[in-house]
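Following this line, the structures themselves.
You will see two complexes here that share subunit A, one where it goes with subunit B and one where it goes with subunit C.
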Partner chain A sequence: MSSALSSSIQEIRDWILSKHPDLTAVDMSEDLIESRLIDSLSFVEFTFVIESASGVTIDMEKIDIDDFRTLTAVEKAFFATR
Partner chain B sequence: MDVRIGVDIVPVQRIQAMIENTTAFPLDRMLSATELGLCRGVEFDVAGVAGRIAAKEAVFKLFRATRGALPWPTIEILKGAGGWPEVELSGRAAALAEQARIEQISVSITHDGPYAVAVAVAHIASA
Partner chain C sequence: MTNNVIEVKDRFRNILDRLSSKSIEDYYNPYRIFEWPDTLPEDMWWMSTDLTSTHGTELAEELDQRQLYKLSRYESINFYSLNVHGIRELLIEVIKRIHTSGFEQSSEFFHHFIGEENEHMWFFAEFCLRYGGKIYKQPQGGNTSIPTSNAESLLVFARVLIFEELVDYYNSKMAVDGGLHDTIRKVNRIHHQDESRHIAFGRELVRMLFEDVRRTASEADLRQIENYLKRYMTHSFESLFNPHVYRDAGIADPLRMRTRLLSAPTRAAFEQRVFRKPMSYLVKIGIFDDRSLDLR
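Here is the complex of A and B:
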């Protein structure tokens, strides 16, 4: 994984960890929605964090929830072309 | 005629944190311009925003949608003539309500201390 990419994903991981001080790590394959690390209230903030880290503008009306389900999915959906 | 119910609770502190968030303003994507206008006097009515957010979540639960995120701006919680909350659906929310055969939705909101709670009730047309 390129260092720019890994630092962007780390930025997103750090944001998730900041919301859950009881956690020390978030696995790339962890289901963020099923585990409620991201709930419907924090989901919108999550899209902002991904936008800022990836530079991709997210159209809330056209999203596929599976693109946000794991850090691996986020990486594939928003960072693959970088 | 069936009836369906949805309920949700929102910690007011989470909304306060969103409002104080300097890098992004998620509420712009969660509240319509009309709703923002209703929630913003001299200052934000933080508990009122939390109640509105809880009401949107409660209404979304009525749809029993299995895919897609909550379509926040298309579930509007407006103010009725007498000040009670009224639900207005548009776009994706209206489509989800139609799929769920929802005919009419009413909501009730309360907030006290650190929490806001909302209940939504819908009439479901028979198939």
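Here is the complex of A and C:
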């Protein structure tokens, strides 16, 4: 992972941690949906944070939930082509 | 059946009869009631100034009058877009329940509710498409986060009530704001008139559903319900701070703008003002212990 990529993912990880003060780390392979770190109420903001960090505009009606399930999946879907 | 339950059901029946009669008396043709001008002037507010997301903040001072007008235009399109999405979600839930067990009393009024909400969705969508050229999209994702299965209907209708009260706060102010265009005032006035019936119905239904849940729920279940609904309030409030709106209004760093506004010193008071009525009601009937929305 390049340092630019690493800092972008870190930005997303920091946002997740800010929403869950009881946590100290989020693993790249942690299922964010299954573990309820992201739920329907926080999902909208999650997409905004990814857009801001990646520069990619997400089409809200063509969302594949698997692209958001883990940090690895987010990295692959929104950062890999940069 | 205890006397109390019979009294509550009788009261609910009387309210439903009154609201259904009122729906019939006040019925109007939404497709004829509005005159839609081809365009609305750009050099004016499209939303009451004290309802815009920058109001009272230092960010408002960084924008000139033209930028503030433009921002109010996109914020109003976002507000009506949220209505379109909110109505679609609530219609799905009501249609799932009409004429099913547990909703026998409500079903007659549900017919009026569904009809009126469909019409509201039409005129909000019409406004967005005519004057904004689009409806802001809303992503779907994540778990639905319903904490306890036997509280599902309570959470659904409490969400509907919170959403309607939030919208009504905006509608009732904009309906009488002489600084807004006639078309904007009228859209808000008509919606406010119908919503007063829906809110009256929603309050009674939520109270009945909560009494039912409370009989068997543990203290932990009840706190989970409170936590969920307060998170929903915060989520609904924050949806009015849409970075896509800030981008359309020409703001250089839209997400930073959103973050700054949501952490502005004015935020807590604004949020409490918007939710004053539903907060008081939910505390009064015992769903909420207090008025605090600071859950983090």
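Everything below uses one rule, namely that the second predicted complex is superposed on the first by the 82 of 82 C-alpha atoms of A that agree within 3 Å, B and C clash if a C-alpha of one lies under 4 Å from a C-alpha of the other, contacts with A are read in each partner's own complex, and residues count from 1 in each chain.
By our rule, a contact is a pair of C-beta atoms (placed from the backbone, for glycine too) under 8 Å apart; a residue touches a chain by one contact, two chains touch by 3 or more.
All values derive from a computational prediction rather than experimental measurement.
After overlaying the two complexes on the shared chain, residue contacts for A:P21 are found with subunit C alone; subunit B is out of touch.
Look at A:E61: by the touch rule set out above, it reaches both subunit B and subunit C. Look at A:E45: by the touch rule set out above, it reaches both subunit B and subunit C. Counting the residues of subunit A that each partner touches, subunit B and subunit C differ, and the larger count belongs to C.
In the superposed model, A:R36 lies in contact with subunit C only, and not with subunit B. On subunit A, the patch touched by subunit B and the patch touched by subunit C overlap at residues 40-41, 43-45, 47-49, 52, 60-61, 63, 65, 68. Listing the residues of subunit A that touch subunit C in their complex gives 19, 21, 33, 36, 38-49, 51-52, 58-61, 63, 65, 68.
Of all the residues in subunit C, the ones that touch subunit A in their complex are 137-145, 231-232, 235, 238-239, 243, 254-256, 258, 296. By the touch criterion stated above, subunit A contacts subunit B in their complex at residues 40-41, 43-45, 47-49, 52, 60-61, 63-65, 68.
Here subunit B touches subunit A in the complex through residues 10, 14, 18, 21, 23-24, 26, 29-30, 53, 57, 60, 67-73, 91-92, going by the rule given at the top.
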